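All chains are identified by letter, namely A, B and C, in their written order; residue positions are counted from 1 within each chain.
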Amino acid sequence: MLRLKNNFSIEHDIAGCGLCGIINIRKIRTNGEDIKKAIALEHDRGNGLGGGFAVYGCYPEYADLYAFHVMYDDLAAKHDTEEYFKNNFIIEKQESIPVFKTSKINDHPILHRYFLKPKSDREDRLLHDLGDDDFVVSSVMLINSEYDGAYVFSSGKNMGAFKGVGYPEDIADFYMLDNVEGYMWTAHNRFPTNTPGWWGGAHPFTLLDWSIVHNGEISSYGINKRYLEMFKYNLALKTDTEVIAYILDLLIRKHGLPVELAMNVLAAPFYQTIEKMEPKQKELYTALRQIYGSALLNGPFAIIFGYPDGMIALNDRIKLRPLVAGTKGDFTYIASEESSIREICSSPDIVWSPKAGEPIIIKTINTENISQKQRLIIS
Amino acid sequence: MTKSSFTNIQSEYLAVIDHAKCVRCKRCIQNCGWGTYSFGGDKIIADHSKCVACGRCYTYCPEGAISILKNPTVMRENGNWQDYHIKNIWRQSETGGIAISGMGTPLKYKKYFDHILLDACQVTNPPIDPLREPMELKTFLGKKPSKLELDFNEDDQPVLKNPMPPQIELATPFIFAPMSYGSISLNAQKAMALAARALGIVMNIGEGGLHDELVPFGKNIIVQVASGRFGVNRDYLNSGVAVEIKIGQGAKPGIGGHLPGEKIGADISRTRMIPAGTDAISPAPHHDIYSIEDLRQLIYAIKEAINYEKPVSVKVAAVHNIAAIVSGIVRAGADIVYIDGFTGGTGAAPIIIRDNVGIPIEIALAQVDQRLREEGIRNEASLVAAGSIRSSADAVKAIALGADAVAIGTAALVVMGCHICGKCHTGNCSWGITTQRPELTRRLDPEEYGEKLYNLINAWSHEMKDILGAMGVNSIESLRGSKERLRGIELTDSELKVLGIKHAGM
Amino acid sequence: MITIDAKDMHYKELNKIIRENIASGIKNFFLENVNGQYYIGDGIKGDDITITVNGVPGNDLGVFMDGPSIIVNNNVQDNVGNTMNAGKITIKGDAGDVVGYGMRGGRIYIRGNAGYRIGIHMKGYNTQIPVIIIGGKVGSFFGEYMAGGVMVLLGLNNSEELAGEYFGVGMHGGTIYLKKKIDFSKYSKEVEFLEANDEDMIFLKKYLIEYANDFNLQAEDLINGPFYKIVPSSARPYAHLYTSSAL
């Protein structure tokens, strides 16, 4: 049987990896050819035990609905899960996720997608009054932890994750991503080091509209996990990526931090740097560390975080993982290796490596607050 | 009862002098606080019955002529009736007294720190080189909000909406444990004050008041309010960086304190603000705290007196129900909770309490941290762990089990020469630590031992950085509460469960 | 002078207003409609400050206080004068339990009765002599662990016993004066019973006159003896309780 979930007897599933991301700031959509080529160049950063993609803008016709991508071990699991959907959601549309079996990937779970809207009179309303987003999060957690043989791997609006066990270029062919279009793509090539690889464990990891691809092992995983548990997050996957996604969910969605400050929690400035700040800023950053010390991601990491308004790339505060960015016109490319960018954009306008812990924030153009660097890039 | 002059008790130790080496310089006579040595006309004579093996004499014998031996005379001991059971029965039958002793329990209970191993990085994530790369030990003790509240200034830059609650800033997560003037000498306190200032950490002055000479060290001092309220007034409460309410002590949970009148000389009398020569009694309870809501009342009485400008700590002994107790303390408004484990030290405690009451700090800490997390209030207070932290490894393990910082008591005394002879309560300490006899306290030079304390904490901090580096993290907050980096060996399933750690290999 | 209406006010706000007004030089405070606010007078300093309380103040009235005077025209609750250093608290009604815990200086005058553990661990040091005078009767554990200072129990208008059980238990300093004898079985083994002498009466007189004035009583009625005096039999009640352990 294929493994959908992390039911290995380990405390922490870790992996090395390669990453890529492409965004068009004017939300012009392109198909999956480029991202596949870019991540394929990083073939040797993975080991064939996990590959995947996130794409934004792929379901414009269902943009108001939660697009659930679900993997099932068998029809019984599908039946049980669909019962839950029927009781709690209006199912506007459902269908098999189109796949193309190849010699590389011919053994796969049942892959199905649903376009859902939470019912206003759903059962949980008797107990509490969750908003739709919170209800979707709790439904995903419920299915992933309680429904044997079912795993929700994507649940956002007008976006989707496509992933599995295999090299990413093979996964791209399997899901026929050349037929899928989006204005933002992220990709991941996985090298798991303490499990044999499992379909759910491939990246991107998503939560609502957010997606994370991640390279490196978080050495602070233990305390990050315990910190999140205090806020009632259920860390079923035991992966670093899951931890990062939930920390961002806590900081940005629940605590309302601007994304820039949230990044400064993940890769906090050193006290030596804080000492040199002007008083108000020093006070803020000291408080940030005092309050969110347990959310600091310590150890080597590079992540690409996708959300509907843009893409953020970040590496750790002493730069133990590589990250390169380049732009060409309305496109920004981010990758683990510069050659991935050159593979699909031979002469970018500029190419740079961000400093340790300094986020690259690329927002789509109809949103305000464009960063200095972004202004430079656009102009 | 009339007292018998006959005693069954053999000398514990033999102070053996090599008369061929001895040059009759009489330093041993001068150095021994116990009166073991005298001069017998042509040679030094030792009264073995007085020797406690405190090590002062041979340390200062210029000829190496003194050996302290365990008395080889056989006690008819067996596995059940041990030497000390028999001797204490004899002593108590002679005096009718409660058997007391100094220091933490000497009995061989399981030491959980010795059954916990640490993690390190190999390949999948890198260790960090602590000598070259940044490595942060800075620690703040105090209540933290659960989330950051922001405002935006005129430039649309985020700024703090409310000031942070008051914090104690520590350059490294160590503090010197509360030891009062009276239980130890002023010079011993001064040595810790000097070291704390140089290290950017704090010392806790214990419950015996604040001596005038320590007033300038206010930025490195936690003042304590215990049931005896010695030296406590409004100025005292405002003289340090925090105020601690002492409820209990690991060596004697539920037991008060008692500094005998003969130790209350003029200086201690002034510092404790009590008349000279009277017993200084600390009642078992605070008589304004008979219930948890009363603790809240005292916490806020203090906060009102210090205008909410400093954190208030509550020190408790680790007892069976410690997790629920600490949860109550946190909800009562404490900003810091100091948990003193079963093996914690003391200047004097009834051994029946010291050796039988309480639970180990490792277990207490694991349970408290877990409970506070389950209740979602771990941020509401910092945890300080104490109870015989013997090395930086113990400190690291305590922090990974959930402590924000650890307190060093006995280890600091060992720096000053203590050999853990356990006779603190007699007031004869030859090292000038737990005595008020001026000819003994004079020999403890605060500068010299302040520097040695500084060296110790520096060395331990370096070792802590080495461990953090090996674990691949560069900030102490990434270790704090990270039980995932701990594994147990030779522990039962119950022990692992209560500690919240996995067995090695898992 | 300032009048503060404390109705429905939280103690944190009330005490903040008091502290701020003291800082700006106000000396006289009238607190109206007080009901249950804790910590009135907590840690305030200044011999010339007077706070008059109308209503029942909350626990820890005058805790850590260092100089000011508080006048309460009603009853008070528990822990009055807790760890008080100097100043004066005058209570027209009754007081609750644990009055003057660890009190080092100043006076507490209670017109009515007081509860359990009055004057517990009262100290007294150097020239500081804390004094508590109770007009009525008290509960058990009067003067427990008393280490210094003076307490006077008058038993005015009271035909009942003046005090409960365990009188002066653990007392090792200070003096208690009684205007009426109590049952000898109530005295703890740590105290001795004496009759007050002339020197005692000279000391007592100035406090009793002040007490009489504060409560509109005839000073002569209070001063006229005899008075009885309770003192500890030892400053070291537990000197022989302990023996050195072998381990």
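Please note the rule applied: contacts are C-beta pairs under 8 Å (C-beta built on N, C-alpha and C of every residue); 3 or more make two chains touch, one makes a residue touch a chain.
Remember, predicted model here, so these are calculated numbers, not experimental data.
Which two chains touch most often is answered by the contact tally, and the pair is B-C.
Farthest chain from chain A (centres taken as the mean of C-alpha atoms): C. In terms of their C-alpha centroids, the spacing between chain B and chain C amounts to 36 Å. Here the spacing of chain A and chain C, counted between their Cα centres, is 68 Å. Our note on geometry: chain A versus chain B, Cα centroid distance of 48 Å, whole angstroms.
Among the residues of chain C, none is in touch with two or more other chains. Residue ranges on chain B touching chain A, taken from their complex, read 121, 123-126, 128, 133-134, 136, 138, 140, 144-148, 150, 153, 157-160, 163-164, 167, 373-374, 376, 378-379, 471-475, 477-485, 502, 506. Within the complex formed with chain B, the chain C residues making contact are 11-12, 15, 19, 38-39, 42-45, 59-60, 63-66, 78-79, 82-83, 85, 98, 101-102, 104, 117, 120-121, 123-126, 128, 144-145, 147-148, 170, 172-173, 235-247. Within the complex formed with chain C, the chain B residues making contact are 9, 12, 83-84, 87-88, 91-92, 94-101, 106-107, 225, 227-229, 232-235, 237, 258, 260-261, 269, 273-275, 277-279, 281, 283, 287-288, 297-298, 300-302, 304-307, 348, 350-351, 422-423, 425-426. Residues 9, 11-12, 14, 16, 193-194, 216-223, 225-227, 229-232, 254-258, 261, 268, 270-272, 280-281, 283-284, 286-294, 296, 298-300, 317-318, 320 of chain A are the ones touching chain B in the complex.
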